[in-house]
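Report on one structure; see the data block that follows.
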């Protein structure tokens, strides 16, 4: 929108200089005076009772300052689903039993990492191995080993979503199909491993923790519960974070143990995971089995959809319960579905717990949903793009009791990508194919399982006498560009420049609560809070200007380009700087303070707004090796008003990289609960030479719920990528895949099987 | 992050002689030679290898050279880096298959510091250089206090991470005979991620006579046995014949049966055999095309 | 037993004593306080630790510090000219070629080494040179564009200097 000064303009990263010079400090880099280094001793068994732990030898090692086990911790249990206390199922260190290979049972603090590592070898743990369960289908059986003894069975959480009459809907359908899918587990693998530094102040009894976290507030709450301290006595500060992608939402053993060790030794303690720990003992994608049934009329109109999901939750809750809910939600996007029924079950298993990973349950759900759409289209002889267009959501659509769309640009997104596909991909060889998908994504959750009494996002603006602004937000920039968005919104609202604003981010002591970076909430929720805070400050400026002008209240004042002036007579106004000075004088010397917050109210059960889009991919299949090469991608997104086009593009490309990896090569195979490939050598990721070029189209709309109409961008593009590739592969070799990780061997096997069948049919 | 947390005695010999003296002083298994360390350091961080004595030969410049002799052919010192081989005009002009192979080893960073000798001495059945050396009929010269000896490239790697090197020997030089006219050589490794460790790799050398009959053929396979190997039976069906696509396909099929790959966490044995089939056919075809041009 | 390490880092001479089992990245980060070089993988697979050693990029996590004896190291901290960013750094900012920034130091050093050797690389040449660098945030294309932009800026700078 050309009417904005800052919003919508490509803006470089406010943290740019720090990041390109190596000056940006990550928790990984931090040292404090008198600091100790901590390491965790982890269980080698997937399920075992802890009989005894002998730390005496480790304690004697010169340089070791503390060795702790479960009994040395305050004993609080914690988790993110705090509203349901039984789901606070994590301990600082396992006390009675260990529940996955990697479950922490002891921690050491020493004067060097080397000594801490050596001390671990000296701790003697006696285990009594117990039968373990690794598969959700096994875990739900009555005779399955019980992962949590205080639960009646291994069901951690269930979800049910329903509207309309699904059975009636199927009866009225001309075409019904059922498909079953399995989506495997993968790791978000952020570049910065989990890192925490804890410093306990003996004098005040207060704790400060710096951590590579997606949510300082969530961490603060987790520490409060684990350490049984007052929330306000715990301060969490988020330095620069080297990526999260869902792995850093929960309170993790690095932070809680660093805290306890610091309390015990009276010195700061730093714990940094190594990459093997990062792969084996941090949160990753929830693997799941899905059963999907869809009913359509012969013209392609969807009548009913029914879904069942069972997820492999691993040993603890994390955010896996939310993933269970959202997977069921995303199965309903982005189409009009008159009747829907979903039942989800999350099971405990003896593996590292699975939680949220970028797209929060959408990736498996959308893989199933979007490949099924294509199959239905093929069967019914309807063009796959046309069937999506026919059922596409539009502004105002309501899923009864669940969500309502304040804006929806899906149809123009579908049109745009289809148009470009027809223009660009005209010369396909016989080994090439095109796949198409449509998608939607939420802008933060309505949910309050964290059980906070605070607004979901809060911000504060302080205008100083020289017109510079200090902006305080707790929002977590983990690379996605939130800091820049916050500053841009504040600048737009106050009519000043990016260079006039200093951001004070992510410190629970000095900023108002923000729930953190997950489910793509920062732009909308934190953005609204920043806009509100700046808006309050702006009110003060306008009031002072109005008084000075002496004009009638009906005449609007504009705040732009460092001036406050009459909208209809721009020459009549004042410089921003003069008004600021005046306002402070008139308020007995107090700087101009604006406080704002945002919590979605009466916005259904899921999210206050949704972004939309569509994607086309062009692939080439090597029929002799099964290698799938993604040659080109065209995508269009409706993120309302794009705040920063540079940042949005970066995010989209990054999310597509993850989506491609999750569809083609990333996988966490396990053997009796042990992850077999915990390194970048064996865990395969997309790299520079495998990445296709991406053509991105912005299809602007305006959502009344978002700041300047803005919605999320690019968590949505992850999920549709792997089904688009699967759909494209189908169009080349005619094979359907009911599971992801379409490795060359899998594709080749499928090609062979099809060729055999065809031969049999011919000879038949 | 993982560091090397065990201690070792560290030596930096200035000459080959000094290095060999040190090697002979210590028992097998207690002592390791480090050059670029691109494989060794990772193993030491993981505590999979914990030598008591480390002999750093990286600085022995006498072992870092690339020379071309009109009669004897190409001689590469063991400490020549992958990058120097990749960029060498001598190699790019006369033995370009080596440069092509080097270009796809790991990253520029690895190639700048890692050496071909270090790579080959590691004995990795999935390494890229050895199959190419086999195809080129290369020889490896080893040296010790008691003298020098040379083995054919195909006899150098014995088993997983086990080579013909005695514990008191250093790999000194790689020798590659001049490539005769009408010869084409091609190497391709296959991996799902471009440039990754090979799931399977194939190197083929074909020399044609004036009638375009196959006078000589060498087929080397990597990653599909305990060591890089020659597919001699596959070679036999091509030798003395006019090579056609069908013949290459047959050679591929035979080679896939000669190989003995294993199933790992990601890829099955059957698939690796499939790859051998396809690669021998394709690489053979490209080697043939090159031979015709040469 | 500690051994002497004499080397130059970002133009400054250092004479320190280190255990032989110390990695170059440990000396840079922990001894010299140059935290800009990062560590991420433990298996020599990600290039976050890339520095320039005697003009060539190497992984500082995969070499012993003592192997840098008598050599010159350039890290990310040595790139800017006082308060003035290097054109590659500016190009990375202007092209949004980083997000979380953790892989960025390594990427920029590799870009510098590439452009020092090849002033006008093609897209493919850039991808080949940068292929060891793992990034989870960007999808790589914007990094490639930043390097192409940097190449132009550096050429422009050379022309300016030549003209003077």
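Letters A, B and C mark the chains in the order given here, with residues in each chain numbered from 1 onward.
We take it that a residue touches a chain if its C-beta (ideal position, glycine included) is under 8 Å from a C-beta of that chain, and two chains touch if they have at least 3 such contacts.
No experiment lies behind these values; they were computed from the predicted model shown.
> If you average the CA coordinates per chain, which chain's centre is most distant from that of subunit A?
Comparing chain centres, B lies farthest from subunit A.
> With contacts counted as C-beta pairs, which pair of chains has the highest total?
Looking across every pairing, the one with the most contacts is A-C.
> For subunit A and subunit B, let me know how many angstrom lie between their CA-based centres, rounded off.
44
> Find the geometric centre of each of subunit A and subunit C from their Cα atoms only, then give the gap between the two centres in Å, rounded to an integer.
30
> How big is the gap, in whole Å, between where the Cα atoms of subunit B centre and where those of subunit C centre?
Averaging C-alpha atoms per chain gives centres 29 Å apart.
> At least two partner chains per residue is the criterion; list those residues in subunit B.
Correct list: 1-3, 5, 194-195.
> Quick one: which residues in subunit C touch 2 or more of the other chains?
39, 42-43, 128, 131, 133
> Going by the touch rule set out above, which residues of subunit A reach two or more other chains?
In subunit A, 193, 274-276, 681, 685, 687, 689 touch at least two other chains.
> If you look only at subunit C, which of its residues touch subunit B in the complex?
1, 3, 19-23, 26, 39, 42-44, 47, 50, 53, 56-59, 61-64, 66-67, 110, 113-114, 128-129, 131-133
> Considering the complex alone, what residue numbers of subunit A touch subunit B?
113-114, 117-118, 193, 272, 274-276, 624-625, 627, 664-665, 667, 669, 676-677, 681-682, 684-687, 689-690, 743-745, 748
> Could you please specify the touching residues of subunit A with respect to subunit C in the complex?
Interface residues on subunit A, with respect to subunit C: 12-13, 15-26, 28-29, 188-193, 240-243, 245, 274-276, 478-481, 646-647, 649-658, 679-681, 685, 687-689, 691, 693-694.
> Mind listing the subunit B positions that touch subunit C in their complex?
It comes out as residues 1-10, 12, 34, 36-38, 41-42, 44-46, 54, 56, 58-59, 83, 103, 106-110, 112-113, 194-195.
> Give every residue of subunit C touching subunit A within the complex, in rising order.
Contact set of subunit C toward subunit A: 29, 34-43, 45-46, 48, 75-77, 79-80, 85, 89-90, 92-94, 96, 98-105, 108, 127-128, 130-131, 133-144.
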